[in-house]
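Shared between the two complexes below is subunit A, which has subunit B as its partner in the first and subunit C in the second.
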Partner chain A sequence: MGTLNALVAVCLTYVAMLFLVAFFAERSAMRGRGGWLRSPLVYTLSLSIYCTGWTFYGAVGYAARSGLEYLTIYIGPSLVMVGWWWIVRKLVRIGRTQRITSVADLISSRFGKSTLLAVCVTILAVISATPYIALQLQSVTLSFAVFAEAGGGGQTIYTGESTALWVAMGLSLFTVVFGTRNLDANERHHGVVMAIAVEAVVKLFALLAVGAFVVWGVSGGVSETFTRIDASQLGQWQMNGGRWAGLIMLSAAAFLCLPRMFQVLVVENDDEEHLRTASWAFPLYVMLMSLFVVPVAVVGLDLLPEGSNPDLFVLTVPLDQGREGLAMLSFLGGFSSATSMVIVAAIALSTMVSNHIVMPIFLRMTGGGATVSGDVRHVVLLSRRVSIIAVVMLGYIYYRLTGGGEALAAIGLVSFAGVAQVLPAMLGGIFWRGATRLGAMAGLSVGFIIWLYTLFLPSFGPGLILPEFVLQQGAFGIDWLRPRALFGIEGLDPLVHALLWSMTLNTVAFFGVSVMTFPSPLERLQGAQFVNVFQHSGGPRSWSGGVAQSEDLMIMAQRILGPAEARALFRREATRQGLRGDLPEPSPDFLENLERELSGSVGGATAHAMVGQIVGGMSVSVEDLMAVADETAQMMEYSNRLEAQSRELTRTARQLREVNQKLTRLSVQKDAFLSQISHELRTPMTSIRAFSEILRDSDELSADELNKYASIIHDEALRLTRLLDDLLDLSVLENGQVSLNLREGQLSALLDRSAAAAAASDDGRALRLSRDPSKEALMLHTDLDRLSQVFINLIANARKYCDAPDPLLEIRVTDHGDLLWVDFIDNGSGISDDAQDVIFEKFARVGEPRVGGAGLGLAISRQIMQRLGGEITYLRGENGAAFRVSLPRPAMAAQ
Partner chain B sequence: MAKKVLLIEDEPNIIEAISFILSRDGWQVDTHSNGHDAAEVVRSKVPDVLILDVMLPGRSGYDILRDLRSGGGTEALPILMLTARGQSKDREMAEKYGANRFMTKPFSNSEVLEAVRDLVNA
Partner chain C sequence: MSTPHDNSEGPRPTVFVERQTYRMRRTMDAARLVPLLGLLLFAVPLLWPTDPENALSTSKTILYVFGVWLMLILVTIRLSWVLRSLPPSDKAPDRGGER
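After this line comes the complex of A and B, so read on.
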C-alpha cells in the first residue's frame, strides 16, 4: 500500500513538474527569451515521442516473443532521418512556406485545398490513432497494476478502468491547457515541446538504468549477459526476411505519416537546420533506447516465472530484485513515454478534427456572416478543446471495449499500417506534379478500406465486429474475400498480407487515377508550389482581385488571430504597401499573406473559404475558384490580345496621322510654291504687257520715254528667263537628276572667276572684296562649275543687299581638318534672326526694296552644296550677313 | 478738280506703268510701296479710288483691306485689288473682305482704266 501511495505521490509530483516546465517554457517563449527552446537538441528530443509506451514496455515483450525483429521499428525512422535531405527537409520547407498545420492539411493543400481529402485523412488518422492512444492508457494501467499487486497484495483500490480514466482526464487537461493556448501554428507549442523533451530524457535515463542494472547488477557483466543470451531461446529466432523488410518500410512510412510525428517533425520545427543535428542524434537516441532490450528480455525470461507478461519485464525485473526505486524510475519512464505520445497525438488530431471537420461544418451552418459577426477565435479554441477531449476519450472507450486483450505491439503495428496509407499521396504530392486530387482520393480510399477489412477489424478478434464466418469464409461467403487471405493468397503473415495488399493497391490506384484525370488549375498551381518548393518562395496562390472590405477582413482576423496580433499584421501589411494607418489595401499579396496567417489557425481550406467569403462576398467553393482561375486566365489572355490589337491600331492611326500631316504640309507647300511661281512670273509679265500696250497705243511718246519703256520690257523679259532657268535648275537639283562634273582646280582661281562673273551683272552696287591668297592656294576636286555658281550667288547677294555705305565682302578660307570653310562676310547690317531661318527656302526674299532675283539663289546653293557633299549655312554672330560654305575633305585634292 | 487715285504697289515698273496710264487720263496719282503704314497713308490722303496690290512688303493687301473696311472713314472707299497670284481663293478673299473690284496681273491697261472710272462713277 505504501508503495502504491508513494507511486501516486511520485506521479503527481512528476506531472506537476511537467506542468511547471511547460508553463515556464511557454512564458519565456512569449517574452521572446526562449532561444534555448529552439535548440536542435530539444527538437531531436521531441522527435522521441516516436518511442511511446508501446516501445518502452513493448520492445522487451517483442524481443521476448520475436527476437531481434523489434529493431525494425527503429531502423525505419532512423533511415528516414539519415536520409533527411531527401524527404523530411522538403516536408519541413513545404510546411513552413504553406503554413501546413497537419498531415490532413498537407494532403488537402497539395490537392487543390480539397476539403473532402482533408476529412478522409482526418478520419483515417483518428481511426488508426485511437487504438494507439488506448495502447498508451493500457500501458499506464498495466504498469500501475504491477505496483498495486506488488504493494497492496490484492486490495486494489485503483482498478484498471478508473486508472485509465484518471490518466485520460489528466492528459486531456494538460493538452487543453498547453495545446490550445494560442492558435497560430507559427507560435508553436513551446511548452508542450519542452515537456516532451524532458520526458524524453526521463524515459531514456530510466531504460538505460534498468538495462545497466540487468547487465551489471543481475547478470554480472557484459560477457555473462552474452552467455545468457546465447543460451536463451532468443538466440535461436530465425529472421523472416519479408517481414523485416515490410516492418522497416512500415515504420518508416508511419514515422512520416503519423499525425503526432508530423506535428513534431514539421509543424513544431523552428529551423530547417535542426534536421541536420536530428539526422544523427535521433538514430543515436533510438539506438540507446534499444540497447538493453534483449538483455532485459533474456533476464526477465530467466528470472520470472513462466507466463509472466514480457511486456512488463522492465518493471517486474527490478521489482523481483527488490529494487523499488529503480522500478519507480522505470515506471516514470513508461509513464513519460505514454503521456507524451497521447499529448502530442491529441494536439495533432484535434487540430485536424477542428480545422477539417468541425470548422467547415460550423461555417456552413452559420453561413458567411459568422466570419464577421461571430467570435470565430472563440469557436476555434472551443472546437480544438472539445476535439482534444474527444480524441483522448475515444482512446479510452476503445481501451474499455477491447479490454486490452491483444499484445501491445500488435496494436501498434495495426495503427502504423493505417496511417501508412497516406504515404503514396504524400510522397506523390511532393515529388510528382502529375498527382491529382482524384488520384489521392482513390489511393487513400482503396488503401483505407483494405486496411480496415484485412487488419483493423480483425484486430478486435473474431465476433466483436467481424463475424466469425467472415474471417473463415470471406464476406458473403466469397472465398477470395477472406480478410486474412485476400484474393486467395494464403500463408502470409497477417500484417505483411494486409500491408502488401493495401499499399500496393493504394499506390496503383493513386498513380492510375492520377494519370487518367486532369488536375484543375488550383491543383496544378499547388502541385508546382509543393514539388518545386525549393525554387519557389512565393505564396500558395493569388486572389484575383476583388473588392474586399479591409474592415471586414480586420474584424475576421481579430476573431481568429486575436486583436493584438491581427492589428500588428494589418499594420505591417499597410506599412509594406506604403500606407498610413492600420488598414492595408486588399491587394492580392496582402490577402495571400492574411490567408496564410489564418491557415495557421484554422487550416488552409477553411482560411481560404473565410477570406473568400469576404473578398467575394459569398461562399467560395474550390470548384468556384477553379472556374474563376480558368476564366481569369482566359480573360487575361483575351485582354492581352485586345490590348495588343489596340496598341497596333493606335500605332497605325498615329502613322496615318503623321502621313496625313506630312501630305497636308506638302500640299500647303505646293500651293504656296505654285502661288509664288505664279506671282514671280506674272509680275514681270504685267510690266511687259503694260508697257507694250503703252508703246502700241500712245503716239506722242518722247524718245526718252520710248527708250526707257523698251528697256523695261527688255529687262523684265530677261528676268523671266532667269527665273525660268533657276526654276529648272532647282527642279533638276531637287530631283537628283544632276550629274556632277568633277574636276581639279585651284580655289583662288575659282574665286577669281566667280567674283568676275558676279561683277559683270548690272544688279547691285560696287563691292570690294577682301581676300587672303595664301590661304586660297588649295587644290579642289569637285564640280567646279556648280561650286562657282554658289560663290557667284553669294557675291551677287552681297552686291545687291549689303547696305553699308562702302560695301565690303570678306572671303575667309579656313582649313579645318576634315572640312574646308569658305566664309563670305559683308559689312552690312546683316540678316535678322527670324529671317535667318528662312533664307534658304525657295522664294524667301528678305529686305526691301526688292532688287531683282526671285529668291531662289540660296535655295539652289543649298541644293548644290548637298550634292557636293558639303553644306551652306548662315554664320551667326558676325556683324554683317555671313555665309559659310563647307566642303568635305574628299572635295579637296591631295596636295 | 482731278480725281485722286492712290496706288499701293511695290513693283517699280508696275507703279510706273499704272501711273502713266492714269495720269494721261487726267487722274492725280499718288503712290506708296510699303504695306506697313499703307492704311494710315490711305486715310491721310483720302483718295477717290484705291488700287491695292496683295503681295506687299510689310503687310498683306488683304489685311490692309480689312483694316480699311473696319472704320476710319474708309468703309465705303472704292477699292480695286490687284494680284499676281491667280488663284480663285484670292478672288474669294478679296470679295469677302470687301474689295469692289478684283483684277489678276497681267492686266490690260484699258481694263484698269475702265475699272477706275467705274468705281468713281458708281
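After this line comes the complex of A and C, so read on.
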C-alpha cells in the first residue's frame, strides 16, 4: 500500500513537473526567448513519441513471444530517417511552404484541396488511432495494477476502469491546456513539444537503467547475458521471413503516415536543418531503446513464474529483485511513453477533425459562413477542445468495450496497417504529378475496406462484430471472400495477408484510376507545387481577384486569425503593394498569401472554400496560367535583350557624336588652313610675279630699284621655301623617316641660341625673357638642333601671340630626376579651353591669322618631341599660354 | 546567319560544374543510397536457415543487426556533416522535376 501511495505521489509530482515545463517553454517561446526550444535535439527527442507505451512495455513482451521480430518496428523508421534526403526532406519542405497542418491536410491540399478526401483520411486516422489510444490507457492501467498487487493488492479504488478514466481525463486536460492554447498560424506547440522531449529523455533513461540492471546486476555481464540468451527459448533465429520484411515496410510506412508522427515530424518542425541531426540521432535513439529488450525478456522468462504477463517484465523484473526505486523509474518511463503519445495523437487528430469535419459543417450550417460577422476563433478553438476530449474518450470507451487484456502488440500493428493505407496517396502525391484526386480516393477506399474486412474487424475476435460464419466461410458464403484467406490464398500470416492485399490493391486502384482520370486545374497546379517543391517554392496563383472586397476579406480574416494578427497581415500586404493604409488590393498574390495564413488555422480545404466564397471567381485554368507565364517569361527576356541593345546603341552613339564633333572641328580648321595656305602661297607668288614682270618689262630701272625688287623676290621666295620646308619637315617626321643627330650640349647655351634665333626673325614684337641660369646648367645628350627647333617655335609663338602690353616669357626649368621639364609661360591671355584640344593638330591656328605661319609649328614640335622620347603639352591653370617640354632621363647627360 | 539560335535561349545549364559542387551532388547521391543499403543489409537475415539444427544463435543475430544499425548511423552522421554546407535555400537541383 505504501508503494502505491508513493507511486501516486511520484506520478502526480511528475505530471506537475510536465505542466511546469510546458508552461515555461510556452512562455519563453511567447517572449521570443525560446531559441533553445528550437534546437535539433528537442526536435529529435520529440520524434521519439514513436516509442509509445506499446513500445516501452510491449517490446519486451513481443520479444518474449516472437524473438527478434520486435526489431522490425524500429528498423523501418530508422531506414526512413536515414533516407531523409528522399522523402522526409520533401515532406517537411512541402509542409512548410504549403502550411500543412496534418496528414489529411497534406492529402487534401495535394489533390485540389478536396474536402471529401480530407474527411476520408480523417476518419481513417481516427478509426486506426482509437485502439492505439486504448492501448496506452491499458498499459498505464496494467502497470498501476502491478504496483497495486505488489503493495497488497485488491484495493477497489485502484481498479483498472477508474485508473484509465483518471489518466484519460488528466491527459485531456493537459492537451486542451497546451495543445489549444493558441490558434497559431503555423500550428506549433512549443510547450507540448518541450514536455514530450523531457518525457523522451525519461523513458530512454528508464529503459536503459532497467536494461543495465538486468545485464550487469542480474546476469553479471555482457558475455554472461549472451550465454543466457542463447540458452533460453529465444536462443535460436526463428523468423517468419514474410513478417520480417512486411513489418519493416509496415513500420516505415506507419512512421510517415501516423497523424502524430506527421505532427512532430512535419508540422512542429521549425527548421529544415534539424532533419540533418535527426537523420542519425533518431535511429540512434530507437536503437538504444531496443538494445536491452531481449535481455530483459530472457531474464524475465527465467526469473518470473510461468504465466506472468511478459508485457510487464520491465516493471516486474525490478520489483521481483526488490528494486522498488528502479521499478518506479521504469513505471515513469512507461507512463511518459503512453502520455506523450496520447497528447500528440489527440492534438493531431483534433486538428484534423476540427479542420476537416467540424469547420466545414459549421460553415455550411451558418449559411455561407465566411461573411457572417463575429469572431469564429472561439468556434475553432472550441471544436478543437471538444475533438481532443472526444478522441481521448473514444480511446477510453474502446478500452472499456474490449476490456483490455489482449496482447498489446497485436492492436498496435493493426493500427499501423490502417494508417499505412495513406502511403500510396502520400508518396504518389509528392513524387508523381499524374496522381489525381479520384485515384487517391479509389486507393484509399479500397485499402481501407480491405483493411477493415481482413484485419480490423476480425481483430475483435469471432462473433463480436464479424459473425463466426463469415470468418469460416466468407461473406455471403462466398469462399474466396474469407477475411483471413482472400481469393483463396491460405496459409499466410493474417497480418502479412491483410497488408499484402490492402496495400497491393490500394496501390493498383490509386495508379489505375489516376491514369484513367483527368485532374482539375487546381489539382494540377497543386501537383506541380508539391512534386517540384525544390524547384519553385512559390504558391499557386489560383485567384483571379478583382471581384473580392478587401473589407469582406478583412472581416473574415479577423474572425479566424484574430483582429490584431489580421490587421498586421493586411498592413504588411498593403505595404508590400506600395499602398498607404490598411487595406491592400485583392491581388492574386495577396489572396494566395491570405489563404495560406488561414489554412494554418482551419486547414487548406476550408481556407480555400472561405476565400472562394468571398472572391467568387475562383481559379483560372492551368493552361491559361501556363500560357500567361510562358508569354511573360518570353517577353521579359525579349525586353531585357532590347534594353541591353539599346544601352549599347546609346553608348556607341555618344562616342560617334564626340568623334564627329572633333572631325567637324578639324575639318573647319583644314578649310581655314587651305584658304590660309592658298593665301600664303598666293601673296608671295603675286608679289614675285609682279616684281619679276617689272624687271622683265621696264628697261630704265636704277641699280637701287633693281636691287630692291630682286631682294623682294628673293625674300618672298624664301618665305615660300620656308612654308614648303615646314610641310616637308612635318611629313618626314610623321612618316618616321627622320634620323637623329645626337650630340652633347648645355641647356643654357641651347636656350640662348634659340632665343637669339627667335628674336632674329622680324615678325612679332619685342619679348622680354625671364630665365634662371642656375637651373639651366644641365648637360643634355640629344638631337640639339631638333630640340632648339622646338624652343625657337615656342619662343616665336610667344612673340607672335602674346597679347600683353608688355610681353614677358618666363622659361622655367625643373629637374624631376627621371624627367626634365622646360616650361614656357607668357603673360598673355592664354588659349581658350576648346582650342587647347586642337593646337597640336596640323594646320591648327588660334585666333585670326594676324601674323604669318601656317599653323604647323606646334604639330612639328609635337612630332619632334615624340622622336626624342619626350612630349610637349599645354599647361592648364597658368595665367598665360604655357607649354611644357618634358625630356626623359636618357636625354640628360651624366653631370 | 549560320547559327540562328545564338542568344535566343538564355543561359543553358552547364555541363561541367565546379569540383565542390560535383562533390556535393555525389554526396546527395550517397545520402539517397543509404536507406537502400540498409534495406539490403537488413534483408540478409531472410537468407539465414531457420531449421533447429542449423539456426544461428540469437546472440550472433543481435550482434549482426545492431552492427548494421550502428554502421548506418555512422554513415548518416558523416553524410549529414558533409551536407551541412548546403545553402539554406537549397538551390541544388533535385530529381523531382517534370518527368
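Definition applied: the second predicted complex is superposed on the first by the 605 of 895 C-alpha atoms of A that agree within 3 Å, B and C clash if a C-alpha of one lies under 4 Å from a C-alpha of the other, contacts with A are read in each partner's own complex, and residues count from 1 in each chain.
Everything that follows uses one rule, which is that contacts are C-beta pairs under 8 Å (C-beta built on N, C-alpha and C of every residue); 3 or more make two chains touch, one makes a residue touch a chain.
On a predicted model such as this, the values are computed, not experimentally measured, just so you know.
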Problem set entry | Touching partner for A:G828 - first (subunit B), second (subunit C), both, neither | neither
For this session: Quick one: classify A:T686 as touching subunit B (first), subunit C (second), both or neither.
Result: first
Exercise. Of subunit B and subunit C, which one contacts the greater number of residues in subunit A?
Worked result: C
Exercise. When the two structures are overlaid on chain A, which partner does A:I712 contact: first (subunit B), second (subunit C), both, or neither?
Worked result: first
For this session: For A:V80, decide between first (touching subunit B), second (touching subunit C), both and neither.
Result: second
For this session: Using the touch definition from the top, say if A:R641 reaches subunit B (first), subunit C (second), both or neither.
Result: second
For this session: Identify the partner contact of A:G58: answer first if only subunit B is touched, second if only subunit C is, both if each is, neither if none is.
Result: neither
Exercise. Between subunit B (first) and subunit C (second), which does A:D230 come into contact with in this model arrangement: first, second, both, or neither?
Worked result: second
Problem set entry | Interface residues of subunit A shared between complexes with subunit B and subunit C | none
Seminar exercise, completed: In the complex, the residues of subunit C that touch subunit A are 7, 10, 28, 31-32, 34-36, 38-39, 42-43, 45-46, 48-50, 52, 55-59, 61-62, 65-66, 69-70, 72-77, 80, 83-84, 88, 90, 92, 94, 96-99
Exercise. Can you list the residues on subunit B that touch subunit A in the complex?
Worked result: 10-14, 16-18, 20-21, 24, 33-34, 55, 57-58, 83-87, 104-110
Exercise. Which bits of subunit A are touching subunit B when the two form their complex?
Worked result: 674-675, 678-691, 693-694, 697-698, 712, 716, 848-850
Exercise. Which subunit A residues qualify as touching subunit C in the complex?
Worked result: 67-68, 71, 75, 78-80, 82-86, 90, 226-227, 229-230, 234-239, 241, 244-245, 248, 272-273, 276-277, 279-280, 283-284, 287, 291, 294, 431-433, 531-535, 637, 641
